[in-house]
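Have a look at these structures, which come just after this line.
Below, chain A partners chain B and then partners chain C, in two separate complexes.
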Partner chain A sequence: MTTDTLPAGDDVHLRARIDRSLRFPLLFFFTSAAGWLCLSSLLGFVSALSLNVPEWFDRLPALHYGRLYPVHVNALIYGWAMQAGFGVSLWLMARLSRNVLRNPVTLVVAGHVWNLVVSVGLLSILLGWGTSMPWLDFHRGISPVLVISYVSIVIWIVGMFASRAEKSAFVSQLYILASVFWFPWIYVTANGFIHQDDGAAVMKAAVNSWYISNMIYMVLAPVALAASYYIVPKVTGRPVFSYALANIGFWSLVLFTGWTGMSRYMGGPLPAWLPTVGGAASIFLLIPALAVVYNQVKTMEGKLAWANYSPALRFAFFGSIAFLVGVALNAIVSTFPIGRTLQLTQAQGGIDLVAVYGFFTMTMFGAIYFIVPRIVGCEWPNGPMIRFHFWFSAYGIGAIAAFMIFAGLAQGHVIANYTEEFITAVERGKPYLAALAIGWFLIGLSNLSFVAQLALMVIRRGRRDDEGPTLIHKKPEDYFTHELVTEKAAQA
Partner chain B sequence: MNEELPNPDTTHLDYGERSSVVEIHAAVQREKREPLSGFQPVSMIAIVTAGLILVLGGTYLGAYNGGFDLKKSYAVANYTAAPRPVIPGFEVKVDNRPWIDRWTEAGKEVYATCAACHQPNGNGLVGQFPPLAGSEWVVNGSERLGAIMFPGILGAINVKGQVYNGVMPAQGALLSDKQLAQVLTYIRRSWGNNGSIVTEEMVKVARDKYGSRVQPWSEAELMAIPGDAMLPGAEVDPLTGLAPGASPASTPAGS
Partner chain C sequence: MNSLKPFLILIALAFLMPWLVLIVYPSARLKAYVTEVAYAKEDDTKDAVFPTGRSYLVAGARVYAANGCAYCHTQMIRPTYAGADRWRSGWSGREEDGLARETLPFDFLGERYAYLGVQRNGPDLSNVGHRIKEAKWHYDHLYNPRKVVAGSIMPAFTNLFTTRPVVGQVSELAVDVVDRGGSQYEVVPSGEAKALVGYLLGMKKDQKVPKSIVAK
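Up next, the complex of A and B:
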């Protein structure tokens, strides 16, 4: 590689220049994403209350569950997830392409437009103008602006790749490019199918479910995988275990994801093979998931305990495991024998959250913990707060996913039985869904600590001493000794 | 890569930034090099696992694909549809009467247009409007009847041995082929009349033939059409509304 031939000092300078050039856009995306994340956690809490005690919210249609829940989900996806993804993708692409971001005026403008679009979209749902198509709830007039601002943002990512100094592509770059090209395709296709006036209504629902699945596994997941493929070798200081396995993981994900999704309506008035193909593709997704996790575990082999100390590594490793769990649960629920009772219940939402929150969001946290100290020039203020953030998030998302799946199990047989009334199914799920309020409360608390730390970093009130990186636990005397001694020796 | 670093122009320095090269943040300095890919081969176990997953998914696809039939929404063997649920207040009424009854009933509704002159009982008004019940113009060949619908009639006409001198307005512009077919079938088969069924297809022939005519018919012109001439068109089964012997799986539109 090019960098190997350069003197070490130049490499450090290049990295510093790249980081500095990205500082403003990245902090913009990370802070706005974190803001939406806090809002979404709050709305998750309030919407769970709204489902359980609707009488509290009687007089305010905007706070009814039917509007709050979509606002919560869309804020999580378009407010937090996409923007955190922009920031992380930009940084990874710049670092891996050895490219400095020059005069990113349109990037920042498009970022503002994106935030505006998301705000207007969420407002349109609150006012009752939403489309009530899950994950595509924004008023239909908003979608063109959203696509345009997306393209004006990611064109910078593609541009940096196109003019890369490092000619060989690392697997993270492939993932980011796939994600960047996938989103406009599925967004335009889904909106086109759903909002044209003719066409079978059933197919619109099916296309909607295809969109959700592709958003999870081909727009969000690749960004998180790119980040963990970067973080794991970077923190452990090892090359990725197997290039061949990484390639298999990437191409099988690309190959199978486009077929997934329609299994969410199995047994519906669709041609029977559509949901079945979706189910089979969901099973096939186990191949990329296993390939990724195996590759990362082998990369970390012998250094697995580092996840106790490095925040980036711990969040990323948790994310990869959650990816495997999410894919496995999705494969199970997508097949007919089990899906026939679990479909259309809260369980599918819980399994989606395992992927969106347990996997994607946690990996993004790891990436942000890794990136921000580099771009602002100080260390995270407080290690125990990172620990708090990790555990509350992990327990929060674990509880939410588990209770949504239990609620699905309780509801499934009622929904599948045509002689039962729908409200019975809702009542069956309620005791479990009450726990969602607790889960989102835990997550909300953890995200407050994250935002507080991020705010301190943005105003440069981070730690500035010679203690090295902020770790989750104080390192034992003998742990990083080797690493730190060599580093200190190099610096001296 | 050999540009002068960092930018010596201190006016562009960001907050908290110092111009010395030495001051590059420790996080960037301590960093390990950008990740590389190792070249471990894919192990046999990984290949076998991937193969097992492919077999599992393929088996599922084979078992539940429903023959890739575009019109089949179930894929399990021995499928029986659940009975239609009975919801109080939402009973679905299924009309099981023969097609011809539903067809003439629709015709009766259209006949409201005609009943002002020809009367609901089809007897007309003596000396003013000719009767339809038992009228040779109505029950004989359907072509004359179809022809009358388009430009109408002006002048004297002899019906059941009595001369009526008036105006029959054109109906073709107001009623669709289907409505005309329904109302013609109705008048040909009501009040003791026993004419043949008129279908939408037959009315379409009449419209193609006479629809462009502007001048209303006179009796002499109508007499030029043979009295037993029928509008061409396939016969239908009065029970199903389909060609005789066709499968009654679906009822024709508008039945």
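Up next, the complex of A and C:
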């Protein structure tokens, strides 16, 4: 993270060896994640469509909104987000701990199990075995297998950290460890309380909302933050602006996230202090978000324009800004004056997508654009196509979030005006939901271009000339590229 | 942070606190709070939460979940400080009897999970049992929503119905009669549809608040 000088020869060889050891597991995770992402974008489009023209889906029970929407969300989370996270975490941990991955085969096997579990889970929703519990829709029998396969994947990440050569730890490593530690905990907690405990039914819904929030901010977000804490200094060639601030950002996230989530059911049949605590914690999440974004902007100071050229930097920078926006929106809807209107409308889904797509997914794209050339030994085939991917994704997610929030405002406004007929709320929301379908269509197009490029990289048909990394625009004179060139030379 | 152990202890502590306070403690409290107390005639002073006697509750809820109803319908009437649900006609219970109120934890007694809901693409169902009292309305609506409610965006749940030849008279529950090659076929609700409609007809979350709960 602090290599702002040319690496020594041995170092280059070590990195090349690390990258080679990770090639197959990483390509496996990235390609299967990208596949799920395409499927999820398509289903996002179809499910938005089904809200507008439900009569098209009358004879197709498996394609009703109530089944398609959860499949779309769960494919996005467990298919794409978790797997992209596995790949990026593995690579970051290996590089930062300076450890070669010793069991690529075991990891690929565990990855297959994960994909199998996700496929069976999604099928269980489509075939009518879903639970209608957001983000936990898989049939209950699937959860133990999912946890086992998760642990058998991340055990290698923890192992690499435990056997690292240097005694110090980077903030990126801490983020990854926290994420790896938290997922089994919340997943087992949520499934245990919901399916095994015979307690109050309302508490189970509360645990569900707590789970969603923790998935976003303590399982997905740390991986993306780890990636951007790696990418930003690497690409700009500057050390992290402030390590103290990085620590504050990390520990405040760890401290506050566990309390968030239940504000989704404010006014619900719960002890009122539960949503209240959740709302307060959501506002406190602004502290880590501000710390992280300020730190990154300061790190990039003077080199902000490079986000025009480096795909990794551009996606990661967009992601960080979206993190701040997502946390801010989440804080705003956690308060009564605004939450009472936007609660129980399309808006919350849009705000979750700002975090899951605008922040996490975009940062993962950046990390994948950074990592894949290093593990396959050739550069991305086409810069303008990356530009296409960026703009269509950025406009797509922007449009989706905006339209979902506007739809929520329109619906919430009618519901708040209790003399108006409820069907008016449905009518007012409809135009925005039509636009939502367009947003997912844009995102689907952009992801097709991403998958096409990734496929070329997997079969190692990328660029192999001596012009350095593929950039979005033609590179300026002072662009910092020596690190990439030397590594490529070492791999050749 | 030089070694794994103190780091793990610190994050474990940071995670343990909210876990205990937000999940373990309130779960235990609510479990005691909403326990059913069987009605006993000789002890009429004991103000119990009466079992609602909805044996089809679990089967109906399963159909409700499997078809993703909870993604568009809520079961959550918010108190006046958090929205206007209480004032919407028919949503919060029997206003004429002074029983309209917000949803409370014991309303979900006997259910495995409270489908509070995500979005209101459709109306709240907390007291749909008071608003709609005929099963036939539900069957017609599930089979062809837009025939019953103009402008509805609910999909038609044709998967909850079966087609069978008409024997004798057309069934009272038939939602449609089709002519196939000269013989008559009727579309009737399946067992799943009956469970779901039973669940909806019993959806009355406006029981009188038991004194035992108010006192606590």
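The rule is simple: the second predicted complex is superposed on the first by the 452 of 492 C-alpha atoms of A that agree within 3 Å, B and C clash if a C-alpha of one lies under 4 Å from a C-alpha of the other, contacts with A are read in each partner's own complex, and residues count from 1 in each chain.
The criterion applied here is as follows: contacts are C-beta pairs under 8 Å (C-beta built on N, C-alpha and C of every residue); 3 or more make two chains touch, one makes a residue touch a chain.
Predicted, not measured: the structure shown is a model, and the values here were computed from it.
Q: Where does A:Glu427 make contact in the superposed view: on chain B (first), on chain C (second), on both, or on neither?
A: A:Glu427: touches chain C, not chain B.
Q: Who does A:Val458 touch here: chain B (first), chain C (second), both, or neither?
A: neither
Q: Does the superposition put A:Lys234 against chain B (first), chain C (second), both, or neither?
A: A:Lys234 contacts chain B only, not chain C.
Q: Which partner chains sit in contact with A:Val147 here, chain B, chain C, both or neither? Use first/second/both/neither.
A: neither
Q: If you stack the two complexes on chain A, which partner ends up touching A:Leu270: first (chain B), second (chain C), both, or neither?
A: Both partners, chain B and chain C.
Q: Quick check for you: in the superposed arrangement, does A:Tyr418 touch first (chain B), second (chain C), both or neither?
A: In the superposed model, A:Tyr418 contacts both chain B and chain C.
Q: Should A:Val120 be classified as contacting the first partner (chain B), the second (chain C), both, or neither?
A: neither
Q: Touching A:Ile332, do we find chain B (first), chain C (second), both, or neither?
A: Touch partners of A:Ile332: none, neither chain B nor chain C.
Q: Which positions of chain A sit in both the chain B and the chain C interface?
A: Looking at chain A, the two contact sets intersect at 267-271, 277, 336, 418.
Q: Of all residues in chain A, which touch chain B in the complex?
A: Spelled out, the residues of chain A in touch with chain B are 1, 3-4, 6, 10-17, 19-20, 23, 95-96, 166, 170-172, 229-230, 233-235, 237-246, 248, 267-273, 276-277, 279-281, 283-284, 286-287, 290-291, 294, 298-299, 335-336, 373-374, 377-379, 418-419, 460, 466, 468-469, 487, 491.
Q: Would you pull the chain B residues touching chain A in the complex into a rising list?
A: Of all residues in chain B, those touching chain A are 1-2, 5-6, 14-17, 21, 24-42, 46, 49-50, 53-54, 56-58, 60-61, 64-76, 82, 85.
Q: Flag every residue of chain A that touches chain C in the complex, lowest number first.
A: 50-52, 54-55, 57-59, 61, 64-67, 69-70, 128-134, 161-162, 167-169, 174, 177-178, 181-182, 185, 189, 193-194, 197-207, 210, 251, 254-255, 258-259, 262, 265-271, 274, 277-278, 336, 339-341, 343-346, 348-349, 411, 415-418, 422-423, 425-427, 429-430
Q: Which residues of chain C touch chain A once you look at their complex with the stated criterion?
A: 1-4, 7-8, 10-12, 14-15, 17-19, 21-23, 26-31, 33-34, 64-72, 74, 76, 78-79, 81-85, 87-89, 102-105, 107-109, 111-123, 145-146, 149-159
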